[in-house]
Structures are given as structure tokens and as C-alpha cells.
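I have a structure I would like to understand better, so I am pasting it below and will then ask my questions one at a time.
Chain lettering (A, B, C and D) follows the sequence in which the chains are written, and residue indices restart at 1 in each chain.
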Amino acid sequence: MTVEKIHDTQEIRYWPGHMETDYIYTLGIAGERFFNEIKKNGKIMGAKCKKCGIVYVPPRTYCEQCFEKLEQWLDVGKRGIVHTYTIAHIDLDGSKLRDPTIYAMIKIDGTNGGLIHKIGEAKPSNVKIDMRVEAVLKAKEKREGSINDIKYFKPVK
Amino acid sequence: MSAKIKEYPGTEVKSEEIKQGKVPTIRDRPKAKYLWSAGVAMSRFLNELKKGKIIASTCNKCGRIMVPPRVFCEQCFKSTDGWTYVKDTGTINTYSVSFIAGDASRIKEPIVVAVIDIDGASPGMGILHTMQEVDWKKVKFGMKVKAVWKPEKERTGAITDIKYFKPL
Amino acid sequence: MRDAAIVGVGCTGFKPITPEVSYKELMFEAATRAYEDAGVNPRKDIDAFVTCAEDYWEGYSIFDEFVPDQLGAALRHLFTVTADGLIGLGTGYMLICTGEFDTVVVEAHSKASELLTYPNIVAHAFDPVFNRPLGGHPYYFAGLEMARFMHDTRTTREQCAQVVVKNKKNALLNSCAAHAANVTVEDVINSEPMFDPLNRLDISPHADGCIVMVLASYRAAKKLTDNPIWIRGIGWNSDTSWPETRDWGRAIYTEKAAEMAYKLAGIHSPRREIAFAEVDDEFSYKELQHLEALKLCGKGEAGKLTEEGVTGRKSDLPVNVSGGLLGMGYALESSGLQRALEVVRQLRGEAGKRQIPNAKTGLAQIWRGVPTATGAVAILSTEMK
Amino acid sequence: MRMFGKKRVAVVGAGLTLFRRNMKETGREMCYEAAKMALDSAGLTLSDIDAVTYGSAPDAFDGIHMKGENMTDASGAWRKPFSRVYTGGGTGVFAMDSGWWHIASGLFDTCLVVGEEKMSSCYPHPAYAFTTIFDPIMDRPHGTTLIWIFSLEMHRYMHRHGIKKEQIALVSVKNKRNALDHPCAQLGAKITVEDVLNSEIMCWPVQRLDISPTSDGAAALVLASEDVAKKLTDNPVWIDGAGWCIDSTYWTNRDLYYPDYVEYAARMAYKMAKIKNPPKEIDVAEPYDPFDYKELHHMEGLLLCKKGEAPKLTAEGVTQRDGDLPINPSGGLLGVGNPIGAAGVMKCCEIFWQLRGEAGKRQVPGDPRTGVAQAWGDLMQYGSVIVMRR
């Protein structure tokens, strides 16, 4: 004899729950400086590994490949190319976006990294891989030290 | 090495600096909602609570009567064999008195929390619940207690259909 | 020498929803089946237990608290890895190789249907400083990857759609599959656009289910069964956690994991030595990308081979005969064991109508999904080295 | 019959960050600092590392789903095999168990073990993350907190053996004082038994000074196979025993006065290490002490004394740094801090340094040769143990 399984759907019980609370994330040693440079000076910075020569964007405190401490920071400019892109038709809640969002991985010129961001001032049908783009920043007084201080990247010649 | 290392890495910031925005931060709150199936054992348990009863499951091999009920005997590793009602009285196995809430803030009236071994179940088969109608300083190990139920209309089929336990 | 075998498997089957049982009861069923299959009593015969779970998938913090009883592991040597079941299998393999354990149980499950806010939870895995504030549905990462993969390899949209057609059709012969269907390439391409070039039918729908496997050392396996399935090689690997320095076109984590697994298995020519493969196809293009990373075909060839039917059920290199994740359903951390389970069933000759004749060695591979760059590969065989 | 070649596993390096209530560093940055220090101290570079294992408690602290996947490269696992083990509070010491099998299996020659926790991200208080560790149907509806259940356990332990709070408070006094000598410590202090007894009541019998703080921090170890270790150093420390055990989820169905799961984990590790008489053979121990009573509870579970005898040994000074059986010479979690996954690794670092005679001001006398670290977690349910020898 064993305990019988449920064979009457009315007997099934559900129990709701959640794992929601507030989080406050520090930006970290590298993140704080990176976002400060964008916010205050309108500059996108990278960090160079003196051993491997890799230039990291976003900058970090360490080289992922050789574990050197990264101490050399440089202004890498605001231009790069679209490494890959996608047009999102669906929002986080599953609803259909009236204006699709164009997301892209942008390789910043002269670096081994880049930023994942949005493409603006362009029709979805005009975006291409390897297209040249430039970061458009929010007005200085509206910047708050986040990745969204960059409004988007726009196509440039 | 410990003795040789002069400086250990790390940059301390104070909670106040974070609160006052002196240290830049990013805030977020995940949307993480769930609706779990209670399953065979706990659906029955909850449906019985709604009726004002506590139900246990039994294992014929080890003879244990288990609360909360389950479809498996974890000792024998086999399916449990049946259901049986247990009483809504019990004995205090251990207790404590809480002066703080979940977010570590202070609460006014202390809450007496106890593991109550349920009468009619196997020895040591307890559940977690709270105690009222007793001065917290007078709660004792081994004290006999009884469930105080919500009125039938207010019951939803939840462990909180038992409002609390009180001394018998 | 390192020898470990799978000597028992148990599976609940995969279904879109499972309201009639709790996750504990789901695990109990899979465990009971696996122990019956292996002929073991978990209270006496098992030396260690490995479970695979992530807190936010379950809605519990410290979820490992809730696993021992239903596996027969109360007051036993159990632990949890926050990894796919295939990495759990690798962990069990390591335990046996230490010589301290003769029998190890590996478990992974999915109760994906109980997550009411799945996309938000995936988004919570994004780096909170550099990526998450951008917002949006997290699967745009898959759209980014797919576009670059197609660009690098000249894979066509139709070739990706062909994966969906094949896998969902394969699943029709698998009673464990949750999302079997007859669809056409047109159905896929015309399904709702999600994250261009990714459409709705390119994405594996979720499923609930649980898989438990019993592993044994050489000496224990010989006592327990006449048809052990040997773990000839296993590997797992993580590329950087920073999406900004990843290679968006390649699955380097799979290339590296395969390297490790092939080395352990002594495999030099994967295409010749491996009879069939069960690979991660959480998104259609992933099957193609992974086949190339596994060196089961050359770079840029996977799409073409699929189009030509080479990866079909009765063809030269059958891939995802089970139906894959597209057909069986993406099952959170049990997705990898789902792949391994099919390899075991095929190698044991228990695959019924979808049986691949005379297969001796098969491969299982998995990826941990957006936004990770972690994957695992296992080589299973009826033959020891 | 094929033979298994179990490999002997050595510890060759250790690294540690400060433990603090809030750190500016992200989890990744803390992992890197600890891992880098451990590598440097072992005289190795990242390319020498074959695999990485990472230990961290719930994702709800750092506030990142699949936390381990966020830390791979920062823990040294760029394009390497990486796995994260997870046994609640037991995670830290268990991460070392995990490092042990990576190498003992013969699959890898070197393995980085990294423990990390950034509890401060969880706001307004990390305690919130603990409200979801309970059964949603039986326990969560009461508003159950972590301190509730530990005070229930503490009270049961006191009741069964007739132990007084004064006896337990001695642990807090000792550990916080020991921590004054630890350069990473968050809460080193000279306090008295009265201070503990007069501190704010949280959940009777637990008071403010009975509890370790919440912390941010990371710790790391480098493990190596015998061949590699012998090339690196003349005095490796060996991992001779690893053990772990989990008890039933149904914690209200168990008698909480004694940690069976710790005893089972200890027996597993002692058997491997061929330890027959633990109090005689073990020279120094770092049992898990997030609460002062837990040190006593765990000394008993580790079979370092009889059931109910730990308070007596503590009162007699046996567990002081210069006593017969020094317990938590680091200052433990009560003194150094408790970034959960990192705290257990910190304990392993301490034993490593003690056995090498490199613990500086914290060095226990008598040239210790055998040490034990232990952690505890889940619903008063998990024990993880490691035995190290010089």
C-alpha cells in the first residue's frame, strides 16, 4: 500500500512565494572610476594589461587571462563598430514592444573589449554588422553614474 | 605567509556613506515570483488544516507517524503507507523568544517561538509555531500546549489556520 | 586507471506542467526508478550524492537544504553544485576517481512551470553594474549570438529553422518529450519575431521533470549490472563572465570542454569515433554552433549538414534523436542529464522506435544558458577504453 | 581489476581580503584579490592552474542569480573547468573538500579554491536573504528568521546539558580577543562575559554579542598534487581527510541538542586521515562559530570532547590559544567576521598558516602538526570537515 497520488484536480493546492528584496550594488573599484569618468568628463576609459597588452573595456582591476593587476587606464574614445546586433520585439514582461529595441555588442576602437548597448538614430533595417558607431551621452547634468549615462550608440561614417 | 603579509586587500566603506549616496551605487529589486505545487502530501495536509485537523503520514516498515506528512519515508526510503489524524495538542521540545523581525528591526511585543512535538505522532515529530496567552518568562521545556484555531470561516488551508498554541 | 560507469537511470518524463506533484515528490519518483534500475538501496549502498540546483530557479535560498530526504540521503554524504546536471555527472566522476567512493548518485530537476517571472529571473543573472541596468528581455543575448554566429559561418536562417523541424519531429517518438510536433521551416521562420534573427519557435519551451543517475566504480559496476555505460570522458569549462570580451560567434566553453573530454576518452577523430550526439539546442542555432565547437563538423558546416539531413535520425551523424531541448523541453539544470539519459538509452538499446542501430559511443553536451558561457561534454560508451 | 590511483593533495598557498561590513569591491574584485594573493604566495601564476572551485552561500546575498557564473574569470577560471559547490553555511570548508576531490581524482594537478560573499548588497539587511531559506508552507508563514531557529537549537542544547549562558559567553570573549591579532578581522575586541550577558536580547537565549556579524570578504587557497607540491615547497600542508554530511530537511523532527551531521562528516574525514583518537591527535581546530554556542556544539560533533563537555573545557582554558586544544585561534567568525562562503575558507587558511608556523601573533605553541577546520550550514543540517597535516 502506498499513499495515493492526486487524481482529482480540485485537491491540488498551490502555494505562492517570492524572493524579492532590495539590492544596493557598489560599482566596485574599477566601475566607480569608469562611471565617474563618463559622468564628469564624458570619457570612456579602458584599462590596459602591461603584460598581455590587452585593453579592457569596461576597465577592471585584473587581467582575466594572466591575473596582472591593471593599473594603466586610458581614454579609448567613443567610437567603435557593431560586432553583432539584434532587434528585440519583446519586452521583459513578454509584451510586444511597439518600437523594437536594437541591442548591439559594440567593439570600441583600439581595444579588446566594448560595451553592450542600444543603437539609436537608426532604423532597424539599416543596422549592419561592422557598421561604425559612436556613443551618445546624456546631457552632463542628467548623468548619474550608470551605463545608461550613454543614451545609445549612433551610426557614424 | 600570514605573518609575512603586510597589507591585506579590501576597501572598507561605511553603511552611512552608502545610505547618504557618498559611495555611488546601483539599486535593483528582482521580480522573482513563484507558484509552487504543494504536491500530494502537503495538499492533503493543507486541506485538512482547513477542516481544523492535523494529518500525518505513516510508514508500515518503521512504524513512524510523520508530521508534516510526506509521500516517502526518508528513513526506510519507501513510499509511505497511509494517513492518520494526530491531535492538536503537544509538548514544547524547545522554544525561544524573539525581539526582532525578519529585517533585523526591533519589535514591540516579543514573539514566543517553539518546536512543538505533536501528540499522536511519533516521538520528536514537531512543528514550528508560536505561543500566546502565556508570559514568555513562564514558558517551560516539556510544557503541554494546545492549538488555538481560527474560526472555520476564516481558515484558508494554511499552517496559520492555527493562530497559535497556548498552555493546556 | 579511471573507470566509472552509469549503472542506473530514473526519469519522470518531461511535461509542460506538473501540478500534481511537488518538487520533492518529483525527485522521489525519479530516484525510486533509478535505484530500481540499478538494483541499489540508497540507505545502504550509496557512498555519496550530488544534486544540481540554483536558488532562484527554485524560489528558495540555500535550496540544498531541501534535497536529502526524497533521495534517501538523510544523514548521508550529499552536497549540491550550482551547475547543470552534466557538470554534476563530472563531479560524481571525480568522486569515484578518488577511489574513496564506489557508488555516487547524481540528481537534477526542473520545476520551471512554477517560475512566474522567468525572464526577470534570468535578467537577475546579468551583471548588476555593467549589463542589467540596460533592461530588456534577457534573451536579446541569444539574438546577439545568433546574428554573429550566422555572420561568421554563413549559416542561413533556413538552416537554423531546419534544426527545429528535425528535433520536434524526433520528439514525436519519445514519450518523455513535452513539446513534440510536426512543424515546417516556414512555420519556424514565420513564427513571431522575438530577437532578430531569433523567432519564437527557435526557442526551447520549458518543461518539468527530474532525472537521477547512479554511477559506479569499475568494481561496483561489475557487481551491479551486465550493461554498464562507461563514462569514457567528461569535461566542463567556463569562458569569461564578461560578455564584453567574449567571442560572440563561437562557443569556446564547448570547444574547451570537448578538448578535456576527448583527451580523457582518448578520442582523436570525434566524427569517426562518435556514433551520435545529444547537444544543447536551447536556441536552434546553438545546436549548429555546438556541433562545430565539438569538432563533429568543420566551421560553417553544421548548417549545411543539417540541411542535407546528415544529422537526421537515420543518417550518418544523428543529432538530438531524443528531440533535444526543442522537443523534450528546456529543463533548467536537468537539461544536461536529459541529453545524457538519451545517450544511455541508445547505448543500452532501449530507445524503441528511435533506436540507433549498433551505436557504441555517444556524446552529450550542454550549455548553461543566457547569460553564461559555461558548458559541459560527456562521452559515454558501452566499451571501456 | 583496474586500480585507482588516489593522489595525495597538498595546500601550497592562501589568500585573504579584509572582512568588513561593507566593501567597495564587487564580488568579482574581491575574488580576484584573494585568488591573486593565494597564487603569489604559492609562487604560481594563473597559467599553472588547471581548475577552479568556488564556494558561496545564497545568491540572495550578492543579489545575482547564478552567482558563480558571474565570478568565473575573477576566480581564475578563464577558459578553465569551474564549478561552484553549495552547502549553505557549510560552503566554505566544503569548497576545500571540493578542491580535494578535484586533485585526488587525478584529473587535475592544481586547483584554486575561492570563497566569496558580498552580503552587504542585500538591503536593508542581509538577514532578509535568510527569510527565504525556510519551507514556504510550514515555516515561512510565521515570519520565521534565521535567529529564531538557531535560538531554538541553542536553547535545546542548553536545556539538555544544563548549560548556562555565562559558560557559552566565554566563547565570544575568547574569539573576539583572538581576533585582535588577526589583520583582516572585523570585530576583534576585548569584552567580558558581562558584556555579552548585558548585550541586547535578539531572540532569547541569543543576544547581540553571541552572534557573528554580517560581512563582505573573500578567501582563497591553492591546492596541488603531491608531485607539483614537492617542486614548489619544502613544507606543504597535506589534506589527509575530507568529510561532509547532510541531515534531514525536517529539522523540527530532529533533536537539535546534538549535531549528528557534524559527527558523521568528522567520522568520514577521520577515517580517511586514520585518526582514531581526535582529542589526542588533533593539535588545533577551527570549528564553525557563527554563534558562540556553535563552537561548543561543534567541538562535541567533531568528537573533540564528550557530549555536553565543551563548556567545561572552555571554562578551564583548554581552548585558549595556549591551551591544550586551541580552538579558533584565528578569532573565528565571531571575531574575524562571517562572509559565509569566505569564512569557511578563512578557517582553512588559518589551519594552513598554523601548521606552517606562519600565523604570527596568532601562532599556537607546541609546533602543531594536525589541524581540523569545520563548517556548518543549511537548516542546522550540514557539516563539512577537513583534516590537514604537516
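Just so it is clear, a residue touches a chain if its C-beta (ideal position, glycine included) is under 8 Å from a C-beta of that chain, and two chains touch if they have at least 3 such contacts.
Please read all numbers here as calculations on a predicted model, not as lab measurements.
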item: Pair joined by the larger number of C-beta contacts - A-C, B-C; value: A-C
item: Chain centre separation in whole Å, for chain D relative to chain B (CA means); value: 26
item: Geometric centre distance via CA averages, chain D-chain A, whole Å; value: 36
item: Multi-partner residues of chain B (at least 2 other chains); value: 11, 13, 18, 23, 26-28, 30-38, 40-42, 46, 70-71, 74, 79
item: Residues of chain A whose C-beta touches two or more other chains; value: 5-6, 12, 14-15, 17-19, 21-29, 31-32, 60, 64, 146
item: Touching two or more other chains - residues of chain D; value: 22-26, 28, 60, 63, 65, 73-74, 78, 120-121, 123-124, 128-130, 132, 136-137, 248, 250
item: Pairwise touch network: line, ring, star, complete, or other; value: complete
item: Touch list for chain A against partner chain B, complex; value: 1-6, 11-27, 29, 32, 35-36, 145-146
item: Chain B - residues contacting chain D, complex; value: 1-5, 8-15, 18, 23, 27-28, 30, 36, 38, 42, 45-46, 66-68, 70, 74, 93-104, 110, 113-115, 124-130, 136, 141, 158-160
item: Interfacial residue positions of chain D with respect to chain A in the complex; value: 22-26, 28-29, 32, 35-36, 39, 45-47, 60, 63, 73-74, 76, 78, 120-124, 128-129, 132, 136-137, 140
item: In the complex, chain B residues that touch chain A; value: 11, 13, 18, 23-38, 40-44, 46-47, 57, 60, 71, 79-83, 157
item: Contact footprint of chain B on chain D as seen in their complex; value: 13-14, 16-25, 30, 33-34, 37, 41, 63, 65, 120, 123-125, 127-128, 130-131, 136-139, 141-145, 147-149, 151-156, 159, 183-184, 200-206, 217, 248, 250, 252-256, 349, 353, 356, 358-363
